[in-house]
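Each of the next two complexes has subunit A plus one other chain: subunit B in the first, subunit C in the second.
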Partner chain A sequence: MMFIKLIRYDLRNGLLRCWKKFLISFCMFTVFCFDLYLNWVNCRLNPADLSLGDYTIFLFRGMREYIPDSSQPFIFPILWMLFYILIFYIVLYYPFQDLNGFGKNILVNSRKRSLWWLSKCVWIIFSVITYFALAWAAAIIFSLTTGTNLSLQINKLQLMMLGVRDVEMVLPIKNFVGLAIILPPLVAISMCLMQLTISLFVKPLYSFLFSISVLLISAYYKSELLLGNYAMLIRLDIWSENGLKSINGIYFSIILGLVSIVIGCIYFCRTDIMNKE
Partner chain B sequence: MRNTLKIELKKAIHNKYFLITFAIAIFIALWSSVHTFQYMNRIQQYLLLIGNNKNPNHSADSLYNNWMGGQFGSFPTDLYYFILPLIAAFPYGWSYFQERKNGYSKNVICRCGRKNYVLSKYICTFIIGGITVLLPLIMNYIIVACFVPARMPDPCCNIHYAVFGDCMWSNLFYTNPLLYDVCYMILTFVFGGLWATISMMASYFLKNKFAVLLVPYILLIIFHYGIHSLFEWRIYLEASPINYVRGVMVDNISKEWLVFLELFILFIFGFGISCYRGIKDDVY
Partner chain C sequence: MTSIKIDNVTKTIKNNTVLENINITLKSGVIIGLRGENGSGKTMLMRLISGLIKPTKGKVYINEKELGKDISFPESIGLLIENPAFLDDFSGFKNLQILASVKNCTTNEKIKNTIKAVGLDPEDKKKYKKYSLGMKQRLGIAAALMESPDIILLDEPTNALDSKGIEMVKNLLQKEKGRGALIVISCHDLSILQSLSDEIYLIENGKIVNHINTEKGEDAV
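Up next, the complex of A and B:
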């Protein structure tokens, strides 16, 4: 019962009261969709041919594998990075604000530190789900406004523009939809939980720095051990035979998320929390 | 003013944020040097392998395109420049906000006056922000110079240097590359300093330390996105500081007037708002 009360408290204070951050994110998602629309107009293509699936792949595509070369600079996938940087920032402050404020009383009343910690983890999961729901909502509203269809079928031209060479070998649509809905939020949840846990050990600003570095290194190196790779739909095995196995991404995210929760819980229960920034 | 500045500098250098951030920046600079060392080793092995029969293309690799500011295609370098605004702001960009919040500023202002306090804080934030990004670059330059020859850049190999005819200070690069690198180091110092003062300026508008340091950075990333994705069909000049503080053309061509205009705007916002609000606003 106490746990449910804690979750309600966190959702009210960390989610509902932070509506401005989510509103700004929603506006950014709309701009991202407009970006794709503009790309098509500039290529003299008909934007009416776009679909919801195109907007989805545009948001979560990431970048193709970068092969380091002394004559080829690395251009980071700014849209993809911005998308994740925003959620890292949104979930960074609240736990520490709470711990230094009214949350201390809640912590004492709950009588168990682990409940407080788990409640913050649940709050992160809800925040990330809300964030991604807003991204989908922005894509749907933009599609409706511009008269594009709500199908999740991806346009072949769009695939070719993203660099998918063998367009015909793309897997059935439901596989793509399943992955687009599940994998990016799962990776984001797990990275946000990792950020929360790391911020117990070092200052939260440095855990944010670490999260950004993980994103950048994932964009730079295609590796199964770098979680960010699984958040880039274009690097998955749905497009090419040598792509990363999506199922591994799901397992990896779940394991990392659980490990972060457990380590954070153990550490939080034993550490001195007074005046922890 | 002099005493206040001295105290501010002492405080800035002896705080954990400065030491940790500086250590991170130095670590990345060392990592980049190791990366360059490994790359040069591979090149040497390759040259031994091909013998004297083929053109070794010596001018493709020089100190001037292997130090951090002139390099691309190396992860540590890309990471350094991507987080450079954070490296500049973390050491001391938060201090003005913190001192206003905990009441320390009231005590200092009583003793030395508002103008002195705000000006000293601005100068100190600028210097510490600039130094934190500059020193790792100098260190990397010196280390790389120890094992990569400073061959004069050959314009025929410009693809390896990514400094083309239209680029900012390109004439200087092919005539006096050392001066070119020094100019870019100064540019990085100035940008780092000004960016740290933007966090100081943000103290007047934002309510927590995290926001003071991170919101300007997120706005910069949004600006970068606007230039490089949203309006990439309209803007062909490098307007993003993340790219133009590097001595290479990463995406678009940088121009002196645009760089100086942006730095001037940063100065006007940072200095103007910090001083105006700092001197006018009531401390209580």
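Up next, the complex of A and C:
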């Protein structure tokens, strides 16, 4: 019962503090969709051929594996990184701002440190889901307003533009839909929980920089041990046999998320509650 | 009957000893004053009693239950530590209602009465962010008192209050003392503390250097 009260408090208070950031995110997603739309117009293609699936793959595609070559400089997948950096930032400060202020009284009143911590973890999961729901909503609204269809079928031209070499080899659409809905938010939840736990040990700003570093290194190195890779749909095994196994990404995310929650809980129950910048 | 026992507690933060060999036993129905300069350890001692920080050495018992082992926080406590902090976009009443909803051991009527008692209007719809410093302080005191807790910790409760406000704090604390609460307040103004407290502990560099019983007019080390 106490836990439910704490969750209700966090959902209300956390969203109240972050709603402007969510609104900005929604606008940013719309700009991303517009970017794809313009790409097609500039390539003299018909944007009416685009679908919701195309917008989705455009948002979560990431970049192909980078093979260092003097003739091909490394180009950051800016749009993909921005997408994840924004959610890392949205969930960065609320738990500690709350702990430095009103939340301190709530914590003492709740009488259990572990419940307070778990409530913040639930808030993070809820926030990430809201963030991704807004991304989908922006893509749906953009599709409706531009007259594109709402199917999740991906245009072959779009796949070729993304560098999928053998378009006919692509697995059935249901695989893509399932992964596009599950894997990117799962990776984001896991990384946000890890960021929250690291923030207990160092300043939140440093843990934020660490999360960005994981994304950057993931973009540079294709490795099963770098979680960011699983958030790039284009590197997964749905497109090629050499792709990263999607199921490993799901396991990796769940394990990292759970480990972060447990380590954070143990540490929070033992640590001094002092004001944190 | 509420009791707090601080048993030979030392607290070190980043190699800096902020509290050293503190031994205090407190019983309900008294007002304890903590006096010391800024950084002397008054707030740390309050954080320790509230369960927010843990001793490096020694133990803290609340009603004979060890803090941090048997209980995470005192079971019935109201606190105002450092500056009052509330949710900016809600009124004073709404803020207290949210806080009270966690424990669910007080009524809207009681919240309204406490707000009135600290000199604020419970029907005032003004958002907290528009409150003056004095109003914020009054609301902070109301938050600490509204559930009639057994232990009340007030860190510099007279900050930002005018003479009328200080008088209001005195009256409220006397009432709380009368119902048997154990009250600990900190202040660096000795005259205010003397008029409020039954006992005063003087703290310097994390150590208790003097203990004054104001009722008996005694000075003791």
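Keep this in mind: the second predicted complex is superposed on the first by the 274 of 277 C-alpha atoms of A that agree within 3 Å, B and C clash if a C-alpha of one lies under 4 Å from a C-alpha of the other, contacts with A are read in each partner's own complex, and residues count from 1 in each chain.
In the analysis below, a residue touches a chain if its C-beta (ideal position, glycine included) is under 8 Å from a C-beta of that chain, and two chains touch if they have at least 3 such contacts.
The structure presented is a predicted model; accordingly, all values stated were derived computationally and were not measured.
Engineer: Looking at the superposed three-chain arrangement on subunit A, would you call subunit B and subunit C a clash or a fit?
Structural biologist: fit
Engineer: More subunit A residues touched by subunit B or by subunit C?
Structural biologist: B
Engineer: So, A:L225: does it touch subunit B (first), subunit C (second), both, or neither?
Structural biologist: neither
Engineer: Examine A:Y9 and indicate which partner it touches, taking first as subunit B and second as subunit C; both and neither are also allowed.
Structural biologist: In the superposition, A:Y9 touches subunit C alone.
Engineer: Report for A:V108: first if it touches subunit B alone, second if subunit C alone, otherwise both or neither.
Structural biologist: A:V108: touches subunit C, not subunit B.
Engineer: Taking the superposed arrangement, what is the smallest distance in Å from a C-alpha atom of subunit B to one of subunit C?
Structural biologist: Shortest inter-chain C-alpha distance (subunit B to subunit C): 12 Å.
Engineer: What does subunit A use to touch subunit C in their complex?
Structural biologist: It is residues 2, 5-6, 9, 13, 16, 100-102, 104-113, 269-270, 272-275 of subunit A that touch subunit C.
Engineer: Under the touch definition given earlier, write down the residues of subunit C that touch subunit A in their complex.
Structural biologist: Touching subunit A: residues 13, 47, 50-54, 71-75, 77, 79, 81-82, 85-87, 89, 95, 98-99, 101-104, 143 of subunit C.
Engineer: Which residues, counting only subunit A, touch subunit B once they are in their complex?
Structural biologist: Residues 28, 31, 34-35, 38-39, 42, 68-76, 78-79, 81-82, 85-86, 89, 92-93, 97, 203-206, 208-209, 212-213, 216-217, 220-221, 277 of subunit A touch subunit B in their complex.
Engineer: Report the residues of subunit B in contact with subunit A in the complex, numbered from low to high.
Structural biologist: Interface residues on subunit B, with respect to subunit A: 17, 20, 24, 60-61, 65, 72-75, 78-79, 82-83, 86, 90, 159-160, 162, 208-211, 213-214, 218, 221-222, 224-225, 228-230, 233, 248-251.
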